[in-house]
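Presented sequentially are two complexes of chain A, the first with chain B as partner and the second with chain C.
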Partner chain A sequence: MPMSCYSSVTTVRLDAIKDAETPRVHSLPCEIEHDGPAEVSAYFSATAKERKHEKTVSFRGRGLKGQEVSCPKGYTGLILQEVHKPSSDQEDGVLKVSSVFNKFTYWNLDTPPSSDDGIVMAMSWPQVANAIHAPLED
Partner chain B sequence: MATKKKRSPLRDASGWVVVAADSVVGAPEEGAGDPTFARLRNPSSGGASLYLFGGGDAQVYEVKAFAEDHRSWFVGETVQRDGRLLFITPMDPLYLLLPYIQEAGAEGKFQPANQVVTDEDFPGCSRLLRCTCALESLRLVADEKEVANQRFYRYNQQKTLDWLKRKVERTVSVLKRSDVSVGGGVKSATYVRVKSEVDASDEDYLRYAHGLVSEYVSEDLSKELLRHLQLPEISSPKEEPPSKKRKLSDKPVEAGEDYTKFNSADFARKPQKKMTVAQKSLAKVDKSGMRPMSAFFGPKVKQEKK
Partner chain C sequence: MDLSQFEADNSVSCRLTSPIPETCKTEDCCLGIDEAGRGPVLGPMVYGICFCPVSRKEQLKELKVADSKTLREDQRESLFLKLDEAKNFVGWALQILSPNTISTSMLQRTKYNLNALSHDAAIGLVQYALDSGVQLKEVFVDTVGPAAKYQETLSKRFPGVEVTVRPKADSLFPIVSAASICAKTWTRTTALDTRTVSFYPKTKSWLLRHLDPVFGYPQFVRFSWSTAQTLLESKAVPVHWDDDEEDGDKAAARQNNTSMLSYFSRGDSSGSNTHTHRFFTERKLQNLSSL
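This part shows the complex of A and B:
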C-alpha cells in the first residue's frame, strides 16, 4: 500500500491562547527527570535573590546565577502542550498554547551569565533569519 | 550520551518551549485556520524537516531547536524535562520550492508550477505555492512564460545564483549592522565581539553569510554560489569547528558542527533523545527540521582559528 511518508500534520490550536497562563519561566542548568507539577515558587523562587542585576538562587544545595532574557522584538514565548497524541505516524496530532511568556530567566551553575552564553546568542537568531528569509526588495 | 544511570522515561505530558514570530499567533485572517506543523523536504539535505504553516498557508516558518546538555525548564509550578528552546521564524518559501524547480529544469522545458511542485513523500509541498508571493518569486530562479493565461517556468541557474548572492549580501549587511547597534542589551552583543575582538574581515562576513544561506540550498548549489561570490573553496570545511567551550552539545548539535555538511542524514544515525510521542511526531525524522543552531554560532569561533 503506497502511502505518503510524511502526510501527517500537527495542528496548533490557537483558541486556547486567550486562556493561556503567563507563568514564570526558568531554564535550569540540569536535567530534571520529571515532567509535571512541582512546588517551584515555594522551594525555588522563594530562595531567589537579586542584587546589582545579579540573580542568585539556591537549588538542591547549589548556588545558581541567573539572568533575565527577553524574547526578541516581534516574538512571543509559547508553551505548546499536546492535546491529542497521534497513535501512529500517519495520524495527525493536536497541540495547544497552554502558556505565553515574554521573558524568562536562565540559570548557570558556576559561570556568571553573560552575553557569551549560547541561549543569549540564540536570541539574535530571528534577526539573522530575517536577513536570510525576508523577501528581497527589487 | 554519557548517561550515568538509567533515566526514567519521559512522560507524555511534556510540552514544547517555543519562541515564535508574533504572526504565528497574531490575529488570524478570517477563516485562516490554525497553524500546522508539517514535514517538507529539506532543500539542503533532501531529508525530512519540520516546518510550520501559518495564516492559512500564507506563511511558512522554519523550526530550529536550541539545545544544550543538561537543561530543563520550570514553567510556573511545573517541571518540563526537555530543556530545548524552539525558534519558529518566517521562512522564504522559495528555498523550499527551488529543488523542485531545479529538478524539473533538467527536462529543459517550461512547466506550470503546480505540475512541478509535487512530491509523493511530502504532499505538503504543494501548500508552499499558496504562500504569499511564492508564485511571483519563482521568476527569481526561473524563466517565465505566459500562454493562455497560464504561467510556465523553467529553472535558470544564473538567476538563482544572483538571487542567492543578494540574499548573502543582505545577510552580511545585517550581521555587520548588528555589530554596530549594540544597545548594551545582551541581544546584539554577540556580534560586537566578532568585530572588536576578532576584527572579522569582509571575507569572513561573506563566508559566514554564505554558510548561513547554504543551509537552505543543495551542496552543489552552495559550491556554485561560492564561485559566484568569488570566494575560494576552503579545502576542509572542518577548519572552523564551533568552539567546544560553547558546547551547544546536544547530540544533533555535534552532528551539525560542520554546517556546510549539515543534513538530516547525519542525524538519522544519532541516538534520539528521549521524546514524547508528540515530540517524536514533530521531530522524529529530523533534527534538521528542528535544526540545532550551531551554524549560527559560527562566527564567534573564528577566535579559535587564530
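This part shows the complex of A and C:
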C-alpha cells in the first residue's frame, strides 16, 4: 500500500498483519509526550475498575471514566511502526503493522464518555461516507 | 474487623463501623471527630468518629484515652482494643479516603480541596451516626484549619446539636482522643494491609527511585501533593490536559502544531489550507497525505 508524499514513497507492509499483536488499546484525554513502550498493564489496566457498566481509572492522579468503542463495521484499527526512517524527504519510508484492534477503550476526564464525543462520533464516518458516495437512485 | 470491602477496591473511599450500642439510641450522646494521615504524600487519610452517652464520659476517661500523639503505637492499639471491648456504650465509625480518592478529587476539573474533602467526610460520618439512631447532643471536632468558620458550618448543618470545634481537641476532650485513636490505628492498618509503604521517612527518595516516566506512581501515592507534582514535572514525561493553565503561546503552538512561518511556505499542492468542515474537525478526522 504505497502512499505518495512529495517525491518519496511510504510503504505500509500489511504482510505482518497475521502476526500482529492484538493488545488492549486505550485512548486517553490528554497528550503524553512519549512514543514507545509503557508499563500499561502494571499501572493502568490493573487498576481500572468496572462497576455497573461504568469504567473508572486514574492517570497521573486524575480520574477518568471510560467506554468501550468498536471500530466501524468492516474496519480494523491498525497501529503502525516505522521500520525504516527516511533520512531525507527524498528517501522512501517503510511502515509495518505492529498491532491490530477492533475495539478500544475511550477515556474522558471526570465525566463519562457520551455519544457527543468526537471519537465516538467519528466511528460513524464510514457509514456517512458510504451514503454520500453511493450512486444516486432515481 | 472486616477490611474486605477496602481490600476489594482500595482505590475508593470506604466506611468501617462498629455496631451501634443500644444505650446510644436512647440516651443523649456526645461524639468526637478527628483525622489521621493528613500530611503524608503516601497512603490513606482516615476520618474517625467515636460516640458514647454523655452520662458515661467519665467511664471513657477511666479507659485512659489520651491525646493519641503522646501514645506509642502499641499503646494506641491496646487502647483501640479497649474501646472495642467497651462496645456496650462506645461506638465508632471510620471513613477511609484512599490516596486515589484524594488525588482524583483534588485534581478534578472543578477543584475540590483537601479541606472541603475532609469536612465532607466529617459531615458524612456525623450524618451516619444520626441516621443510625444515635441521640446526638454534643459534637467535638479537632481541626487544623480555622475553627470558628468550621464550627458555624457544622452547627448550621446539624441544628439541635451543640458543636465545638477546637484545635488540639484530641488532648482536651476524651471522646475526641478516642476518635483519634480509632483513626490513627486504622491509617497504619490500612496502609500496611494494602502493602503500601509502611514507613514514611525517606519518602522523597522513595518517590524519586520509583518514578515511572509515563505513569508516575502507583495509586497509593497522592498525586495532588506538591512533593509528587514537583517530581513529576521535573522527571516524568510531560502530559498535557485540555484544562491545563499553560502559557498561551506554547499551548497554541502545541495544539495546532503550526508556526507562523508555515503560512509563508509553499505548502501542499493540494491546498491543505482549504477550510475543513466542522463535521470533520468535531470528529477529529483528518485527511492523511503523508505518514
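Here is the rule we use: the second predicted complex is superposed on the first by the 128 of 138 C-alpha atoms of A that agree within 3 Å, B and C clash if a C-alpha of one lies under 4 Å from a C-alpha of the other, contacts with A are read in each partner's own complex, and residues count from 1 in each chain.
Just so it is clear, a residue touches a chain if its C-beta (ideal position, glycine included) is under 8 Å from a C-beta of that chain, and two chains touch if they have at least 3 such contacts.
This is a predicted model, so every value here is computed, not measured.
In the superposed model, A:63 makes contact with chain C only, not with chain B.
Judged by the touch definition given at the top, the superposed model places A:132 against chain B, while chain C stays out of reach. By the touch criterion defined above, A:108 reaches neither chain B nor chain C. Contacts of A:41 after superposition: chain B is touched, whereas chain C is not reached.
Legend: residue contacts after superposition of the two complexes on their common chain; A:72 is shown touching chain B, with no touch to chain C. Counting the residues of chain A touched by each of chain B and chain C gives the higher count for B. Of the two partner chains placed by superposition, only chain C is touched by A:49; chain B is not. In the superposed model, A:80 makes contact with both chain B and chain C.
Within chain A, the residues touching chain B in one complex and chain C in the other are 5-6, 10, 12, 29-34, 38-39, 44, 80, 93, 95, 118-119, 121-122, 125. Contact residues on chain A toward chain C in their complex (touch as defined above): 3, 5-6, 10, 12, 29-34, 38-39, 43-44, 47, 49, 58-63, 80, 93, 95, 109-110, 118-119, 121-122, 125. Those residues of chain A that touch chain B in the complex are listed here as 2, 4-15, 17, 21, 23-41, 44, 67, 69-72, 74-82, 85-86, 89, 93, 95, 97-99, 115-116, 118-136. By the touch criterion given at the top, residues 7-8, 10-22, 24-25, 28, 34-40, 48, 52, 62, 64, 66, 68-83, 85, 87, 89-92, 95, 120-124, 133, 137, 140, 163, 166-167, 170-171, 173-175, 178, 186-191, 193, 212-213, 216, 246-248, 276-278, 281-282, 285, 293, 296-297, 300 of chain B touch chain A in their complex. Looking at the complex, you find that chain C touches chain A at residues 9, 11, 100, 103-109, 212-216, 218-219, 221-224, 228, 232, 237-243, 254, 282-285, 288-291.
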